[in-house]
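Order of writing sets the labels: A, B, C and D. Residues in every chain begin at 1.
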Amino acid sequence: MTDARTLPRTDAIGGRRPGFLARHAVWIALALALLLLPYLFSSRLALSTMSMMGTMIIFALSYNMLLGQTGLLSFGHAVFFGLGGFFTVHVLNAAGSGDWPIPLPLFPVVGGLGGLAFGILFGWVATKRAGTAFAMITLGIGELVVSSALILRRFFGGEEGITTDRTDVMSFFGYGFGPQLQVYYLIAAWCFLSIAAMYAITRTPFGRIANAVRDNPQRTAFIGYDTSRVRFIAFSLSGLFAGIAGGLSVVNFEIVNAAQMGAVESGSVILMTYIGGVGNFAGPIIGAILVTWLQLILSDATQIWPLYVGLLFIGMVMFVPGGIAGLLAMQAPVMAARKLHRVVPFYLLALAPGIVALVGLSVLIETSHQFSIRASYGPQLTLYSIPLDATSPLPWVAGVVLAVAGGILFMRAERLARDAYHAAVAQGGQG
Amino acid sequence: MRTLIGSSALTLALLGATALSALAQDTLKIGYVDPLSGGGASIGQIGMNQLNFIADEINAKGGVNGRKVEIVGYDNQTNPQISLVQVQKAIDEGIQVIVQGNGSSVAVAVSDFVTKYNDRNPGANVVHLNYAAIDPVLTNEKCSYWHFTWDASADIKMEALTNFIKEKEDLKKVYLIAQDYSFGHAVAGAAKRMLTEKRPDVEIVGEEYHPLVKITDFSPYVAKIQASGADTIITGNWGQDLALLIKAAGQAGLDVDWYTFYAGGAGAPTAIKQAGLENRVYQINEGINNQGYGPAEERAGALMQRFSDAPIYYPRMFNMMDMVFKAMVEAGSEDPGDFVPKLEGMKLDSFAAGDEGFMRADDHQFFQPLYISTLGALEEGQKFDEEHTGWGWKMAASVPTESTLLPTKCDMKRP
Amino acid sequence: MSATAKTPILELAGLRKSFGRMEIIRGVDLAVVQGERHAIIGPNGAGKSTLFHLVSGHLRPSAGAIRLRGESIEGLPPQSINRRGLSRSFQVTNIFPRLSVWENVRCATLWSLGHRYSFWRDVERLDDVTRRTEEILTEIDLIDRRRTPAGVLTYGEQRALEIGLTIAGHADVLLLDEPTAGMSHAETERVVALIRKVSEKRTLLMIEHDMQVVFDLADRISVLVYGEIIACDTPARIKANAAVQQAYLGTEAA
Amino acid sequence: MLEIIFVSTLNGVLYGMLLFLMASGLTVIFSMMGVLNLAHASFYMLGAFFGFEISRRLGFWPALVLAPVVVGLIGMAVERYGLRRVHRHGHVAELLFTFGLTFVIKEVVEMIWGKLPVDYRVPSGLDFAAFTLFSGNYPAFKLFGLLISVGIFIGLLMAVRHTRVGLIVQAALSHPGMVGMLGHNVDRIFMLVFGVGVGLAAVAGVIAGPILVTQSNMAGLLGPILFVVVVVGGLGSLGGALAASLLIGLVQTFAVAFNVSLADLFGGTAAGAILSVWLADIWRVTVAQIAPILPYLLLVMILIFRPRGLMGTRDT
């Protein structure tokens, strides 16, 4: 697996330093994108969705500080997200009723500090160990915190959680943060800052040593580093950013409850990070956007979306272990060799039957769903704007034919695409 | 970092796809925000089925004010945050009537969101119709002009139940068992308070709180109940926490009477039948199948025939939609801004037996006659059994509307 | 150098290690003096690598003492021993496979340059680190391969990187565990030259099977057989030692 | 008091043995293959549903044999065509693979059997009270489940000690590095181990189905607790898994039996008055209320203070 990020970009040997604009092009583009997105998508739903995505991006990146950067698999990361939220909501309520002179944009800091404090506390326990033991400790801590949350009603508000009103606090240069657009910009700003901060951390001595711990903890000890200290710092920092994300979630939704700290949330952040790609800094960003979108959209498209999520998961780990970002990063050498035009046709050639196979599969799944669970709604279903009848053999036969034929063709074409890729990379290597 | 740009492109593509799904507006759309996938789906789907059934009924009669009704399901995965985005989505699609019921946490979040949304967007007028969440805060501390509830709150149900129990001479020792969360505590607390007041001679031999939906083996609890010598159990448990408890009790041969809120819920009748607790389990709700009231039997029969794989329904949902449609017709408008005033104080012959109930304007709580029933082998004239067990609910007592009234702490803010 | 030439920089006294009932190291006494190149030889299973594991902190001794510049280090974790100036390489290549060659070496320089766990400074702007990394890469002759992920280097290059990681941190006592194992003749020569170069101002303790290399490099040789040192002397005298020949060289030569 | 202790012990052992049935397979899979099978409880659920379906058609006894075999074969197929491919991408990938599997199994079960509980009953031949103790009955079927668990424990021990595959498995359990040296049939052994492991979970499903509720969410309830058993018991140790299962079964039942709270311990003292204000939330919380979180507390404690678990042969 190639890890583009860890390759030194400025080796200080014979490299000329590019200008400010060129060096920061990505960041400027990101800032512009965040600024302009609401002009492209101005519906309230789009704003809510983007706000949620921004929060999840921070959350997923904070998780990747553990999984991708330090090699720690945690099953309880949502604990810090949730705790950050609870700290924020309490301070927000206190500030609202006590007229404290703190404007809304500063409240995610409270969440971050809460996440950091508990990251330090739980990290002290969990990071003494690594590997599976670490994973199991985080699982245990997650269960403990969620269960205790239902007992400690004053702080966690029981089942209902705690609500707040973000417009109650001091206004910020005249902005009251009632409209979703203002909230979007608040989240976008924090999102930008957090992405930048977390990216910067990967480029510090600590960030590099965390990579070393991920790759080979034993050797890291022999170059002078205490691996459990490295894990501890990574855990605490990731708690900090998860807490910020939790605070932003409170600002966005004005409610937080114990379920947000639970196993489902922890699982979904793993999903985001892994699907996006753990080996690349931007991977979790892609994953957070995609999974959030799927969470909101997939459930409208089909009732049995968990089945698709499960299949997506299995498919990803089996066929695309590097995640989406890994796939993209694989194209870097091809692009560097200017051979993209040689491979793209093959990709498209593979993609077409691949999509056909997926369509076939979804026809089969949806038809059997209509046939079984939704039987009382009659056998009629509409799929891809085509009316189908689950009791007739047509959709079944069509599904099988599409899935099998598409699958076989895909596998052939995939081999061709693979060859084309390797050829392009090899040629690039010679050139 | 090149992938950063890629991810921005992805966002654009995804959001573009979302935008396309906006549709033209010609039907009256009602948003149903409840779990339609995952663990809560079996319950959420029941409400969805029933709403669709009601929509088909009214559409067959020409719709509401000439508009066809369409039910749009939004899967909230029983998660408050997802619920809010789904409500947002519904609003963006032009929906002003949100139906929701499962989970007090979700109900509080939705009610709070809808209220703030209407505050911040004058003229928006979105209403939250709640058919199942019965945490008393919803009609007390956190009551809202834009929230209506059709299920009797925990206090109301317990008031009625204890009025029934106090007549039972042979009742000596009561055991309270509840799920360890706000609703469970509300049920057990009310039971304790009301029993001590109404039957000081009854001894409460145990008060047990167990974690919510986490217990697989209830036999330790049953052993404890057995050891306490209780002759009666009062519980607010629902779902698997009730089914597993009853099953474990049946296996241990626990000889007690049960007073419950949710023995009619999915899975419980099967467990009661397996445990052989014929006519030992009571439930209190706003109506059962076998009340012998013609209009209800006809309507419920048609519903259950259509959804024979999950032949369950909520009488209160009929009450709710009948009232809402009536209010819309009276107001001549489907905008909640217009029909909400009509709902306040509205009277209705309730679904189960035609007795009158009313929507109290002070807290938007629907007060209705309640019925206490037990599950046993079907008798002559009873039409409906539960979950294909051959056992059905039969009436034990009815509680008139005026005996269910309780004061409220609601300080309603009206626009 | 002269004043301290004869004082031991690394001292093992009565060192023992057992796994369950099996005693692998059975009372080793050894004094490595500052600036010398000291080789440990012995048949397979003699406990050479175990001895290195004890000294470097990878394993805890069952009994006995290890002193580095007079200070006890037995039972300390590896990082503490490393920070006191003792660094080791491994018999089986032990690098950071997903990091680039540049990054591998840079990580190994960080602690000794005092950057510790800093998560607020841009590593690209640490000039001392960059300079040191360049030096080391030049020294091990991998400067042209600096962008390559370490996992895809050739075996010989990985062995060189292994040594690079060991010397990057300013350690003055080096423990090299079979630096030439599995190498071709040409590669071996290259590595021997490298070792000679890097050990110039340092103290070297190495395990080696290739007798050519041992006699070529070492100032003194210790022979470890079944967990005990049966001889410790100059190469010439070791060659002549009857006990060694019987226990070790005899079989090896045949 | 004696009654409570006796009854709690019995209940704890019954529950513990049920846990063991599931955990035994998981611990063997985990110790040998390094795969923490998150879908283990899903196979248990499959066992319950196959048990229900087969006993409806052929009777309970054929179901007790056939359901685990069918589930075992499914498990082997999953290992052969899924896990094995994922193996080279590392343990995290394997773990996520089994995570994805839990969704798929659950949805497929719902498609076939629906979301509501199915009416899976105790077979009539075993549907009687074995004995009456104090005022409670002990169902014969529960005792039968206990017997099966004990039988399987003994059978497993014998198999591990006295068969060739068993010896290889045992060697691999205590020295995972050795697995690679087992030669070319290591693949087949992995497949077999996975199949037998999930088959054992299915036995638990067939037996637990009638006692508990057979529903598509039954896997989610038991999943996490199994990992606790495996880790607390220690890797590579069937005896450890048994001890941990019983321990957790007993801890949970005894915690339920005793209603001690802080209020009971400190109530009435001067410190109690202050504490009751500061700790209002937990002042009246009884041990019974927190019974189900005790295993997780145990898990965290064990991992910190005794990483190899109760009887493990190596660190987790």
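We take it that contacts are C-beta pairs under 8 Å (C-beta built on N, C-alpha and C of every residue); 3 or more make two chains touch, one makes a residue touch a chain.
The chain lineup, named per UniProt: A, D = Branched-chain amino acid ABC transporter permease; B = Branched-chain amino acid ABC transporter substrate-binding protein; C = ABC transporter ATP-binding protein.
All figures in this text were calculated on a predicted structure; none of them were measured in a lab.
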Query - Longest centre-to-centre distance from subunit A, chain (CA-based) - result: C
Requested in this report: By CA centroids, point me to the most central chain in this structure.
Outcome: A
Query raised in the report: If you average the Cα atoms of subunit B and of subunit C to get two centres, how far apart are those centres in Å?
Result: 73
Report task. Please compute the C-alpha centroid of subunit C, do the same for subunit D, then give the distance between them in whole Å. Result -> 48
Query raised in the report: Cα centroid separation between subunit B and subunit D, in whole Å?
Result: 34
Query raised in the report: What whole-Å value do you get for the distance between subunit A and subunit C if each is reduced to the mean of its CA atoms?
Result: 43
Query raised in the report: Which parts of subunit A, given as residue numbers and ranges, touch two or more other chains?
Result: 147, 151, 153, 304, 306
**Report entry** subunit B: positions in contact with at least two other chains
**Finding:** 41, 180, 211, 214, 309-310
Query raised in the report: Of all possible chain pairs, which ones touch?
Result: A-B, A-C, A-D, B-D
Report summary line: Note: in the complex, subunit C contacts subunit A through residues 56-58, 77-79, 82-83, 87-88, 90, 94-100, 102-103, 106-108, 110-112, 115-124, 126, 129-130, 134, 143, 146-147, 149, 165, 168-169
Report summary line: Touching subunit D in the complex, subunit A uses residues 67, 73, 125, 128-129, 131-133, 135-137, 139-141, 143-144, 147-148, 151-155, 263, 267, 270, 274, 304, 306-307, 309-314, 316-318, 321, 368-369, 372-373
Report summary line: In their shared complex, subunit B is touched by residues of subunit A numbered 26, 29-30, 33, 37, 40-41, 43-46, 48-50, 52-53, 147, 150-151, 153, 158-161, 163, 165, 167, 178-179, 249, 253-255, 257, 259-260, 264, 277, 280-283, 285-286, 289-290, 293, 295-297, 299-300, 303-306, 325, 328-329, 332, 375-377
Query - Contact set on subunit D toward subunit B in their complex - result: 3-4, 7-8, 11-12, 14-15, 18, 114-117, 119, 121, 129, 132, 134-139, 141-142, 211-213, 215, 217-218, 220-222, 252-253, 256-257, 259, 286, 288-293
Report summary line: Residue positions on subunit A within touch of subunit C in the complex are 1-3, 6-13, 200-201, 203-209, 211-212, 214-216, 218-227, 229-230, 233, 237, 279
